[in-house]
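Every chain is named by a letter (A, B, C and D) in the order it is written, and numbering of its residues begins at 1.
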Amino acid sequence: MSDADKLARNVAETLLAQEGTGPAFGIEIEEAREGYARVRMKVRADMLNGHAMTHGGMIFLIADTAFAYACNSRNVSTVAQNANISFLAPSKEGDVLVAEAQETALVGRSGVYQISVRTTDGVHVAEFTGLSRSIGGPVVASQN
Amino acid sequence: MSDADKLARNVAETLLAQEGTGPAFGIEIEEAREGYARVRMKVRADMLNGHAMTHGGMIFLIADTAFAYACNSRNVSTVAQNANISFLAPSKEGDVLVAEAQETALVGRSGVYQISVRTTDGVHVAEFTGLSRSIGGPVVASQN
Amino acid sequence: MSDADKLARNVAETLLAQEGTGPAFGIEIEEAREGYARVRMKVRADMLNGHAMTHGGMIFLIADTAFAYACNSRNVSTVAQNANISFLAPSKEGDVLVAEAQETALVGRSGVYQISVRTTDGVHVAEFTGLSRSIGGPVVASQN
Amino acid sequence: MSDADKLARNVAETLLAQEGTGPAFGIEIEEAREGYARVRMKVRADMLNGHAMTHGGMIFLIADTAFAYACNSRNVSTVAQNANISFLAPSKEGDVLVAEAQETALVGRSGVYQISVRTTDGVHVAEFTGLSRSIGGPVVASQN
């Protein structure tokens, strides 16, 4: 594993440990490297909408989490400016959602990331595009 | 209150009662009428990101909830196809977020809704645009 | 007319005169004031797609033009960062498209604008949401 | 070349020949195959905005053209429902823009395509995400 990828993993784990949402929703990091992150979350009853399908907000949240880990992966604090999501197929309680974020552009302080959300059963739930802006400062204070 | 607005309120309350997310996050309906909904949610510690600000996924979720109530307001089951969100200013634990959804287009089975998210202190947190598609069938079975 | 609205009109006319696209496509300013612009364009044969409907790119362009005039209306140079468009109904050669831009948010250097595109026959063609960022410097050098 | 890729090329050439915009703007097909298209366009004076940079509408148009060829590549008539674009870096008169469209999702009648726009000098101008919906019927009447 390269130093850049170790740093990315360290950043993702640090963000997950510090945030309220990840632990509350049982989010786990599958992989995190420079410009890339893959996370998973099991759909619970309290994540459903009024039609007994996973709430769009929860699908967005798991994608946004992968986006955050990927766009902060170089240990430069980076925030989301805009996100766009298309909902493609429903998922339900008990399904495991996997969100995979890949960097498609990095120009100056702006980055674009494409995140796919699928169930582990192969249902393609959503596609998410995120636009990020780096604001400077490290995420992880010390990088020994 | 017109019958159309009573029905919209009934639909919103029904969706809120049936869904997992609204009760889990303490979402309350402030107003719901035909093509319109306004909801609120108090930001808790388990809704924060790794920078101690409200997680983008939670901001999306409250906007998406208002969107769902507005686009289902005529009691025709309607789902989100696409959503776009711009994050404008941070909010924090204890802030009360208000999401207000207004219909800007309704053409055939497609609808467009503009949702603003602000704190009750007047911070403009985000703007969200949703594209919906009606799939037919009622949300509320009986409307007596 | 307020000074702010006169300035906005001046900015819009200056941008239109300087740009290649507006004159090339016969774009006309109907109204321009602070945070608002409305423009029109007649659909020509060279603006059609392969299905003989107005090309999505041309619908975007007229919306983006209204967006540009609205977000530069305070005479602070401002650029588009992101735009989202939903296509709702087709239009055809000879139709006159009117794009109306309204400011929905202005927070620091970021702005959000909602632009509707309709034909003068009342067809709701598209809804467009633009995210802008001011970069400083005037559009109109002198404002006497 | 597979039959599927030959058909995709045929569809793209047919759409380009039938449309008003492609010939008007000098758009050329570099490559077209199943779920993929790459097109180019040289930036002319009449494609510039009021700041002497390529107009956002023209950047959108070249991306949207690649999107159309890719999402119609299986010879099933398909239209754009929604598109999202982030503008990353300016381009200018004389630059050659290349838009490359790749399919990232195909679920039922919905498709998602990621389109990057770059100059041949390597400037990453924009990223575009398109959501399509197939409406049935062939683009190319006969497929001998």
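Methods note: contacts are C-beta pairs under 8 Å (C-beta built on N, C-alpha and C of every residue); 3 or more make two chains touch, one makes a residue touch a chain.
Keep in mind the model is a prediction, meaning the values are calculated, not measured.
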item: Reference chain D; chain at largest CA-centroid distance; value: B
item: Chain pair showing more contacts of the two, A-D and C-D; value: C-D
item: Distance between the centres, which are taken as Cα means, of chain D and chain C, whole angstrom; value: 22
item: Intercentroid distance (Cα basis), chain C paired with chain A, Å; value: 34
item: Chain centre separation (chain A, chain D; CA means) in Å; value: 28
item: Multi-chain contact residues (two or more partners), chain A; value: 81-82, 84, 86, 110, 131
item: Residues of chain C that touch chain D when the two form their complex; value: 14-21, 23-24, 44-52, 55-58, 60-62, 64-65, 68, 77, 79-87, 139
item: Complex contact set, residues of chain C against chain A; value: 81-82, 84, 110, 131
item: Chain D contact footprint on chain A (complex, rising order); value: 82, 84, 86, 88-89, 104-105, 107-108, 110, 112, 114, 116, 124, 127, 129, 131
